[in-house]
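Just so it is clear, A, B, C and D label the chains in written order, and each chain counts residues from 1 on its own.
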């Protein structure tokens, strides 16, 4: 343990905080930075070095993990005036676990390469609970030879680390999955709602779908209809889970990637719009399965 | 076996033919009718009584199964000038395995009730292969006390007979399942296509989706991308399977049911339109997973 | 004037009432019926004969106009147990101004023909205001030789009477127009909303659209953005005008017609779903231009 | 005329060529650049200075117009290694007539401002014909005080120069108009197609729409149905006009702007997908009104 060299961690929000703590638990000395200084406080108490900027982190650690809310944040942290790349050491390993536009990941990888460093994208699936429990899934894109080095760190925070291909493919895998998830969740909500209005019992309908070709994760593991399953957000007024705003954000990334690659995504695009409308109508902080509630309300006439 | 009373069977097309043969195999004497007299020929050779009209069938059998292509056909066969109800015996059991508008099933049930007969809707899932093998799934709607009587016959043709509730709920279950199926198939095609264009290997992407929240029957059992799985239509130039025209028909029924019950089905409705456009563009007889091919072709510029 | 023979009028609701009053103003003796007896009261005071059923109307008048809320109502009034066709006189002219499924219009025309009567569909465009002012537009389908006879009556209630073709084409023209109207209204709301968020002044944007290829009735005559125009529902909190529920109903008819004729209508179908969701979200009684309000609200996060 | 100072022009493609020629016609000495040297040849013959790079143009002219195919091209021409901003003179006026992402226009304006220059976005409406005839419409965004200086040049190439507001609003106006145009064109194609299938004569239906609330530029000026109007692409097998690929590109920009501003655009988004599918199905070089043809073909079954 004593031989472990320090690992930088930038972005100590809801997800980054438990991820960095899991690194500490596994015996890694950490060097942290967050735009909100108070976010670093508890890591200081845990013995971490607290720094003033991403560039400072890069000066003190040659393996850095970043967990940031969006593409512009990632661009600022890597290529900004006090960004990592200002002081990155040659041969450093930079792992970005943010969910961002894959074309931005590629940009950052090229900029890192120019400085002699290696950049990998490694977005996660699984929410705050999985981050706390250390069983996130990481989808990793980047140079294959560096995958093992990345995996060593990522397995401290996740139970599943999947190599996806060249830089950007980690992001690609994540947004493709989430786009399909959104589509099948809305589809499940529509099918359950239609069946109920046609006189079917919701539990029976779910059972029929789950033994038929309509079966999907949204119908059999995360059913959006209250009363069908326990332990899911629909059983708890759509609290917790994966927020509608976050789903809208990921669908926006899918949309931008599809537009840039001229790929038709008619349902993905419509799913994006539906989550966008839900955000505009007060569902922003509810779990994304609340689309059932959004669709079902009675006509006033 | 000798004690078995005759069973009527009307509609000896691609599906009805093997279904009726399975009844014969189970030792039931059958009384058949089809608008195309030649369709009855082979049943005559098997010892079946061939009749001139649905009314004739009703005269000779008090249990009748119908398998017809659409709502108007079903209306004609039950309530037309030479329809079943013209000569139906009191207490007869009428089982309609056609996939039709559930509101038409309700209409026919009422008309049957007026004549002292019982009508149940029992649409199937599974195609010609399952009909031949006798392992269709039947989704049955109607008076619960009659379910066992219906099940006795249906188990000769299917391995799975599910009671869904009052008349029309068999249809409801089927169209809800198929609507969700269409949505998740198109979603799978979009997600796979987007991922491929973003640089992911199709097999790897399918593997990632299938261990994640995007998992669905269309991704793990019937993947639409050639080369990902064997033994599915996408491995065979989209031949066989469940035709695009049939999917478009079922989505049309879902659409009509949703319109009649004022249920919003934004993705179901869009899926309907996509299969409609595919029919207009030469995909009518291909398997419905050919939506991957419909979406993927390269831009000409 | 004295020589005018009586005209039957069935359906004295918001639209039917002023239409029938305009017939009276033009000197026609009227014979009325409505399911709500109180709706007939004021016509009794005007000298009209009040009857007990549609069949009664048919007994006393050989020209009858019907104005009903939906296809099933029209079917009941024409072909029900006490319907017009029970006692219709040979050679009667039956004009249905309801907005219904064109295939139902055809059905009723055939039933009327069997009784020796002539049925024409003549749905209206223009709301209660136009009905009061007597300047509705009638779109008329039916046998061309009878058009002049129909026109004589319809010109008492409308300023524009257009012959569209065989039976059902009046309905077809209306639902095609309203489908395009809904699409361009939602499109206008989206374009205005997007422009405003991108920093454009709404009045300036409307001006630019109206002198460009985006120009449409919804942008230049009925703009959905408050403050852009006066005298339209958007200037009055979306009160008055053409209700969202009515638009959803017409789009439902378009949907059913498109499904029956296997016509792809991807945007018409999506417009239907959007108005359906608006009905579920409290916009049912607002003018259909309130789609701008439905789309614009701020994200809560 | 002799006193006119040189004007730079970068991007001499289908649109840029006739625009630059119109500047020459109005007596402006021009300094040109294009990535394809042969594109400059004919301007040399007209007496223009031909340069080696955008930076060279900026050295020799303090008013520059750019006409480029996409955001990345514009970024390269302005901020690339040999870009305009490398050698731009203080006080220069830079007018970009490309259609690009408004957020890129804002970026470029900021970069120009840092060098003491003024950047305005001035995308055009009207195609090659209007460029040749010098009657384009320019939608101009940027500092209001500079609008007259820009207008002096733009009126040589267009008949209509509209000030839209701060930088980026020219682009915003253009993409909002084109998004609404695409929506109403598809809507017109759907409504006409549905009406025809329901038995209406196309010319009569167009006439009814155009006197009703469905009226729009696509129905009354550029009708997509062959035989309804003369002198439009639908009368000429959808040749000429505004290509499907270009419309798909503009809808992509609308999509990206909507995603960035979190604006719901459900129909705009669907229109984008439809034009995307058309590009994938062989319609890329046809006029965008060919969506009628895309939707109408007969079912093969």
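Worth a mention:
In the analysis below, a contact is a pair of C-beta atoms (placed from the backbone, for glycine too) under 8 Å apart; a residue touches a chain by one contact, two chains touch by 3 or more.
Note that the structure is predicted; figures quoted are calculated from it, not measured.
Across B-C and C-D, it is C-D that has more C-beta pairs touching. A centroid comparison over C-alpha atoms places A as the chain most distant from chain C. Per-chain CA centroids place chain B at a distance of 37 Å from chain C. For the pair chain C and chain D, the distance between C-alpha centroids works out to 40 Å. Of all residues in chain C, those touching 2 or more other chains are 262-266, 270, 274, 277, 279-280, 295, 299, listed in ascending order. Taken together, the chain B residues at the contact with chain D in this complex read 245, 270, 277, 279-282, 284-285, 294-301.
The touching residues of chain C, when paired with chain D in their complex, are 102, 125, 137, 139, 160, 162, 164-166, 168-169, 171-173, 175-181, 183-184, 186-188, 190-195, 197-201, 204-205, 208-209, 211-219, 221-222, 254, 257-258, 261-268, 270-271, 274, 295, 299. Touching chain C in their complex are the following residues of chain B: 248, 252, 255-256, 259, 262-266, 269-270, 272-274, 276-277, 279-280.
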